[in-house]
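One chain, chain A, links the two complexes that follow: it is found with chain B in the first and with chain C in the second.
Our next item is the complex of A and B:
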């Protein structure tokens, strides 16, 4: 959302102050929030291109979140109500655009928090975060490191939560004994491959060598043929981009695969059902629920009115509900909670407020700030994660699994694979 | 040539003033884009040098990447100071291009185009496959920035886009002068001969293949230098930054701008970057980028087959006729 309104003198002075301070390479100044002043939040993610499915739906979800919060009185800071507004910037999943976008949002627009998808784009934005002290969030905790003190991963602990799907599969279908993984060979695919390999090994399921393909691949028939020829009980689609998952599933259908399929995401799964069949997609396992799921109507869920949110989202963007539609909004729930607790929107105050007790209110229940083992810093919020399966053409949560519990038992296996793929924080 | 000299000098003076003042009229993020634009001007200008020999490559952006990766690794792994690593990175791109010239110049025209694409993809795959030292798909992060310069009374911090813009501008102008001098030298004339009359040139004793190789190596070296400028500014490189999609942008800049003059691709680069990064963003049409680029490319081929440079030539011609009443024969 772009703000085209003419700027006031106050806004101009604030912008100048911020620009000068950034130019002098200093942290951003603390500026007192005027009564009723709008709080601006930056949204720096791919809104176009092949990764847009993990950016654009998130911004759409945030607009709904902002309207709901503003209608309910906004964010309460020092007894004053403040409306919230999102300012988006399309980084095209390119680090150079991410740097320009971070500069625009932080220095020109005066946002108080920036949400990112992360991955390839975080290193571009990181110098801006370092210089200004701005609080950023990522969906990919593999961006975290001991030197990313102003970066948090509060919604999605990708790809660690993928272990829950495999764990559930092994518990419910003990006859499944072998698996093959395919993934695009990039910063999103590889950490996920390492995680699935660990999860399968921990579950006693034998792994074939993962099949990695280039992100420019357009013909998935040979990849699927190769996977089917391995005769494994499970085919794992890893964290393939949405535009890869769909043709992979189509190929599995066309080539007559009748085994179990597990994937990190199944964005726009209704389209996949239309291209295959309800019967073929039955039992397809992934990790992202529809928010009209009855299993989200439980006391420990921290997302306000998930059913209403889901209905409104589908009303505005029919058929576009995906993995990230709710995630950025849930990050905002956490940010709002921390800012109101701190009575401040300053990045440092909000971060301190979030981390204070070592626990945070995640959408799927209270979770732990965790991660020093894998990421070198305890700034990933880890707790419950749902295992979702398609039943009769509809995604339904099968069970919540406690990720720290799995890690306590099998953490060494995960570290082994992270090390093998050179993605431990001290190898990056 | 004696009469128009004051006009040319005035034009250059005006251009210099514009280039110096320009960043101060832009917002902070637009200054960032200005830095990338300046670097891209070197990429597309160096690409043009290769097109002088009649060959169009799809691996040029990967040569930029070779420079970026090379400089990053020399700095990170060997501790080479950034300014020296930038030169070494550029030279590495030239050496790699020289190596690739042996298989590539067994081909011509369309086959060379496809061959260059394949060669570029092989290099990109090597970056992805060999996590040590290239970092795999995630690439290399935390690349040292260009060091600050402290004069005592003033400190130049190259994190600031204005400072880096001036630094990049000086480098790019120097490179453009060198490229221009090459084109105007006997070597450049031979490049043209290789393009238009390769058999005739060969019959007169010109080693066509050697000149094609020379053009490839020079263009790759300057592209590599552009890559080093990028790497030490954003602090990260990964294989996707140098993929075919980026190469299509370079091609589009060159085609829309035209390649018969040194300023043609530069105009294409400036106008399309401004359209992409400022106009489309401001009016919220980022998602229409592929459509807009496609339309521009089609319109350019249909209505301006000689590129935007042809428009500039016509404007100069008009100026000659009106301002100097036809007294000036040639500018």
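Our next item is the complex of A and C:
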């Protein structure tokens, strides 16, 4: 009886807290923005710790984005101009801190949109999203599911876009017939392993068994020795963290590997060149361009002045340009477009505006809201993705590939590997 | 296959070298002070950041920077002795808890000074000793192996052939008897902390060009070091060296031929087996050495 009573009391308090906080965000009448009132956007990502390379550069990019937008008159809602401001919260890639951060940003700071890296931190923030109806974004669409109705993956469809690098490789180097993948054994590495396995199989390239390692690994020589001993034409570095890609590449160089290397990212690749050589890095394939690339000056690109953005970023943060430096800013482009179209900054209105036509303006061109097949919900924005290779020490886009086209042809192979690794939305 | 085995042997030698430097320092501090220094991984990290600050940023000569790293981190060890371990010497858990706090302070200071991102250290040399097409030893990794040999040999000579070394061993074996012989256990403690910390510092400094440096690298190093000192016998310097070599060889072989994750599991299982079968470790005794 005592237990029952205390549980009831606890339940009652929990419900009261949930009701009050939900009421603060949803239950109250929509607050009309005062003229010139600042629009606050939450940035909930790792700003410190081992995964900070995929958080902090994004916030730095957003600050530049905000200054450019504010200088150009801000965000136009109902004919009024509103400046935009980012409020950062360091979740240290920890779900508990992500939950605390989400609550703070939504309830205390009154943000109207929260951008996240996602992954291990999304389960922490999800209860806040569910309770408040706040619109969240993730860089990792594997966070999506049928029950994540207020979560969107509008910038990158990691790891699905990795298929484009393999597709390009197979088309341009048909002699490459075998590959081995290595990855850290975690929520970021495994979906990427499944994707690369599917991409290689679809391209007629034989896969060796993937080599997985613990995320606490400090010495990569044994892993590289094993990969080299397999004598494959391609070594694939999957979506390894930057801290792993660099020593892996250095070891490949030092142990005399002379085949082709493909990787999801090559953040700070100039440092890798310094540790190896321009010749060794020639033809290194990855997926994230420098934004001074002439291929980003084409009409279908939906990113304002990419070259100027890149120059300003490097001016403020020399040598720190990475995969996510532009991504969160590009999400904000989409959010701004949707909010101005809806004449509202309320999360539900903006989301409806984004999804209305089934298409969205992605940085690399108009794309489709997609994903029910793999993620159980059509809230990942999928379209073109660039294949980047290092030529003469500089990363350059080789070609844009249309991801839905690849999926239409080879989607069943991808689903087979997603199922094998238990990462389909209905297996999670 | 033979080439892969030989390459694996060289890889294991490198891992054993830097791990033994860290583990011996940890054992030395425990032996004299009776304290498990949880911040020992951060001393390794500090050594690496000395290289970032002086070699990468100020472009000072690498080996001079390694020497500075050794002395600087050794001095940090003395600060730890004076501010934490000595004042808390009568509290059985005081030193351990204080060292956990200290590691957080060190991490925070490094983040404030250098940021959170991985640091880049340019290569000291790109020379590689080519034994055969697939058996290669990068000279940078050879530097780490040689540094471990030099430092551990010097430590052995210091402990066995000098008065300070005798005093240090005597204090570790029986502090009260050592005091009755006129040995200042305080001075011995300070020397032990300097040497123990300096060994971790030199490991971090000399390995800096071949590892990824970030404010959190101490975590992985300290976990391996704890496994090693438990397997070798807490308090045994010889045990720490032998266990480092054993652990590094087993871990490297399993990583190469089976799986890196399995290698970690086997490493931890090895520690558990030792704790069950011979809780004092391979070379440990009931008393501290």
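A few notes on this one:
Rule of thumb we're sticking to: the second predicted complex is superposed on the first by the 399 of 428 C-alpha atoms of A that agree within 3 Å, B and C clash if a C-alpha of one lies under 4 Å from a C-alpha of the other, contacts with A are read in each partner's own complex, and residues count from 1 in each chain.
Quick note on the criterion: a contact is a pair of C-beta atoms (placed from the backbone, for glycine too) under 8 Å apart; a residue touches a chain by one contact, two chains touch by 3 or more.
Model, not experiment: these values are computed from the prediction.
For the composite obtained by superposing both complexes on chain A, the positions of chain B and chain C are in clash.
Applying the stated contact rule after C-alpha superposition, one finds that A:219 touches chain C and leaves chain B untouched. By the touch criterion stated above, A:99 is placed in contact with chain B alone, chain C being left untouched. When the shared chain is aligned, chain B comes close enough to touch A:124, but chain C does not. Once the two complexes are overlaid on the shared chain, A:336 sits clear of chain B and of chain C alike.
By the document's definition of touching, of the two partners only chain B reaches A:428; chain C does not.
Of the two partner chains, chain C is the only one that A:271 touches; chain B does not reach it. In the superposition on chain A, A:108 makes contact with chain B only, while chain C stays out of contact range.
By the touch criterion stated above, A:185 is placed in contact with chain B and with chain C alike. After superposition on chain A, the stretch of chain C that runs into chain B among 9-17, 81-89 or 189-197 is 81-89. Shared contact residues on chain A (touching chain B in one structure, chain C in the other): 47-48, 185, 214, 216.
On the chain B side of its complex with chain A, the touching residues are 27-29, 32-33, 36, 125, 128, 131-132, 135-139, 141-142, 145, 157, 159-162, 230, 234-236, 238, 240-241, 243-244, 277, 281-282, 284, 286-287, 289. Within the complex, the chain A residues that touch chain C are 47-50, 52-53, 56, 185, 211-214, 216-219, 221-223, 225-226, 228-229, 242-244, 246-247, 250, 254-256, 268, 271, 274-275, 277, 320.
Against chain B, in their complex, chain A makes its touches with residues 2, 19, 22-23, 25, 47-48, 90, 93-96, 99-101, 103-104, 107-108, 120, 123-124, 126-127, 131, 185-187, 189-190, 214-216, 421-423, 428. Within the complex, the chain C residues that touch chain A are 3-4, 7-8, 11, 14-15, 111, 116-118, 120, 122-123, 126, 128, 130, 133-134, 136, 138, 141, 210-212, 214-217, 219-221, 223, 252, 255-257, 259-261, 263-264.
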